[in-house]
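Working notes, beginning with the structure itself.
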């Protein structure tokens, strides 16, 4: 049957890179997972198994380790840019998409001081960056994934639509818990590490301080806070699953529950997402 | 800060529906996970916490269970269509996207006969469907996720690009293993269950029978087989991670390894995707 | 500080072995995960870092692959016995515990016939065996892990203890779902594959056929069925998490729920275990 | 067939308790997962489905939430003791085993100050306690699970046993990474929170400071450090998977690798465990 390939992409995922930068006074530790995807002149491989233009995914993996050795790992963004530019040196490659996911190691504290070469694993939070590069443009996206945050008050959920399928009562004061994923793009190249820190602080501060009338309401407030704090950021997308904590009914056991005891659940969960830009 | 929401969507995920249809001679079992996402006139909720138009995600969950009670669950596609149409009855909803993921229970065999009401969990394979509906159009996507398949021969990987980062030698005969995800769209409405069975058989048969010169080569062959077998299918997208099995070097232990003993690995892994249409 | 090591053990876990046995008419596929744990004269390694007696866990890994090449993999039990005996050839080893976990690949069916060299991943079920061997005794345990089974009727849960914390009503007819783990020991050496098939069939048949008055009741019936079917089995331990399916209350939506629509949950879950022997 | 139950136990697992203790100046957050297992006069339930003595696992779940409401949650150990004693008030219960697993939430920092009611999820570390109580004795075990720690130097692995299956060379200086699990028992009742903090600090400090000649060597040093720091601790068991970081060979790409670039792997992994007591 005559067919046509309308989209194709291939690469290597989960290249797990550990790098130690050994300074006189301390070691710096990087544990990153790198994904590479290429597009280009690869149709003969799909159509007839002619692989002459295909850079093996094993070769991509080797490249990640080799280029990581050449210079300090300044930021996920900078390394993704380096890899993207490298793969565009192949004439058969028309575009490269590089993803970097950084594990969040912290230094162990001993006697109140940060240790020079011992580390403890951080939270599920991952700093991420994706670079999509072709010969005419480069797009840098930064983000953080899977940040669990929870607030015990300043969150209501009420006056929502009533219909025959509604059973949930209004809640004046509920727990708000989510596993935050955020990604943002840029107006211009910038100091990636500084902006990451700024955006992260804005997300935490706005989540904590916002008087939430709903997850949707908090989403826009958090997005606005990011844009306000980081002039180099163009737009920000937030994904906020609502990890419900349900007030337990203790009345059958002769006890009151004055917003103290909850059942934690993972599923089903609300899922709210939105992209915020400057007006 | 003045901001604008350029995209927003919200809903309920992981609504875990079990339904038993009790016939005289047998019970049928359905265990589906349903996701609902809505778009529409919800900006006041994001902007100022005005929730009056917002259908709570808890209400969506209730709706899934209520509508599941009303009629037999003919197929994931039919139920997703039903839910999509239901949510469009709300004037404030402009579009609804419904995902259904079906677990693959099998009947227990006792004495060579299929049991009428006892079931055993199937593989990681999930039959899925996504329906995106608005007031002018409906798009039905069907698929299957996470189907582990492996062939022990008829797969080579050779003559690929040589450069300074290549270390992998040519392989005349290797193991090919993947965790197949496929999704497809339709030319027209059809018998969803029959087409699903046809597409699935075509995928299995082409994977097994193809003389593979690479994952890319097999991807196009599988896509062509689907289009050949199922005239109602418009296009098919395949995602094929390459779950490498690496021949173990037994020479240090004084043993030959004539394509017998391999190391199974999950990461890093190749990742090849493509979309195939009729020419 | 003067301390004493009252227990110690070390080894390699998750050695992922793939073996293909290539026959003229068909290929047989084995994908096993092997764990090795050793005990013996290793105290100097713990006390002062004297590693001269320590067989590196990397060496264990090499051994698994090398011995797998030497002969057909007749059964997890036979391979675990072989490995256990091998590690006892080191004078410093006093006991070896070998675990084997087998993935459940099935042949792909093409045109109603089983394919000679293409396979599809089976369910989450794992066939397992653990051999513990020292110089005076060997203990073989066999089992199967993580077998999802569910029955839609012939299961009640009623007349259980009443007290101030009970809220659950009696259920005349409920769904019974579990993720079965079973392990058994032997009166004597036997045909491991044949007994595995016999025990497995007895577990499925008794689960399906039993008029269950509770998970505890079903557990003993299943254990008795195993002992009845397999004279070479000494005792059997069953672990049965109760994966609750909760009848959904549809009354608020004006619908009856005549044992049709349920909410599937993973947590919290009951957990019932017991060991059954011949009286 | 006449059979006898030689062991039985049942209960509820993964009871996910959230509690907020609302003080004037701050809220305290507890998210714990509780497991209950009971033994006692339950044979009739197994033998003939007579459930009259059986406390439903749903009742156990209710009890966890009800008792959590009655008083502040001073520590996992104290709550496990309370639950254990509660279940022994049932005459049919001979022993109760209660497990508590605490998630590690941290306060969000805003402007350098810890927020009064907003929290961020901590690492994979879980503080745990298990209490086993019968009418004549109580045993309290405390622990911490799944603490990722890594050091970039002060770790060698050399002079280990040589045989025909060894291929690993000596390493003068390697990365040592593990996912630490520790559990300990007590000489006497104590201030559970204070001892937990003391043991945790001793584990971190000894891991960081030890000149490791192997994981076994570090295990005993860490155990000794715990016993030295915490006089109320009786013995400590440590389980240390060896999460290998493998030096990448960059020679094929014309680069040196002076202990800078590594491949991170999860499997296979070494697994070393031991129990340390005072001599």
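When the chains are written out, they are named A, B, C and D in that same order, and each has its own residue count from 1.
Criterion: contacts are C-beta pairs under 8 Å (C-beta built on N, C-alpha and C of every residue); 3 or more make two chains touch, one makes a residue touch a chain.
Here the structure is a predicted model, which means the values were calculated and not measured.
Trainee: Applying the touch definition from the top, give me the chains sitting in contact with each of subunit C and subunit D.
Mentor: Looking at subunit D and subunit C together, the chains touching each of them are A, B.
Trainee: Among the chains here, which has the CA centroid at the largest distance from subunit B's centroid?
Mentor: When every chain centre is compared against subunit B, the largest gap points to D.
Trainee: If you tally contacting C-beta pairs, which pair wins, B-D or A-D?
Mentor: A-D
Trainee: Measuring centre to centre with CA averages, how many angstrom lie between subunit B and subunit D?
Mentor: Subunit B and subunit D have C-alpha centres separated by 37 Å.
Trainee: Between subunit A and subunit B, tell me the centre distance in angstrom, where each centre is the average of that chain's C-alpha atoms.
Mentor: Here the centre of subunit B sits 24 Å away from the centre of subunit A.
Trainee: Need the CA-centroid distance for the pair subunit A / subunit D, whole Å please.
Mentor: 29
Trainee: Going through subunit A residue by residue, note those that touch at least 2 other chains and give them in order.
Mentor: Residues 16, 62, 66, 165, 167, 252-253, 266-267 of subunit A each touch two or more of the other chains.
Trainee: List the residues on subunit A that touch subunit D in their complex, please.
Mentor: Answer in residue numbers: 16-22, 27, 29, 31, 62, 65-66, 68-70, 105, 108-111, 115, 117-125, 147-154, 175, 179, 204-205, 207-209, 245, 248, 250, 252-253, 255-257, 259-265.
Trainee: Which subunit C residues qualify as touching subunit A in the complex?
Mentor: Residue positions touching the partner: 164-165, 167, 252-254, 266-267.
Trainee: Quick check on the complex: what are the subunit C residues that touch subunit D?
Mentor: So the residues of subunit C in touch with subunit D come to 1-16, 35, 37, 42, 45-63, 66, 90, 92, 157-161, 163, 165-168, 212-217, 219-220, 223-224, 227-228, 235, 237, 241-242, 266-279.
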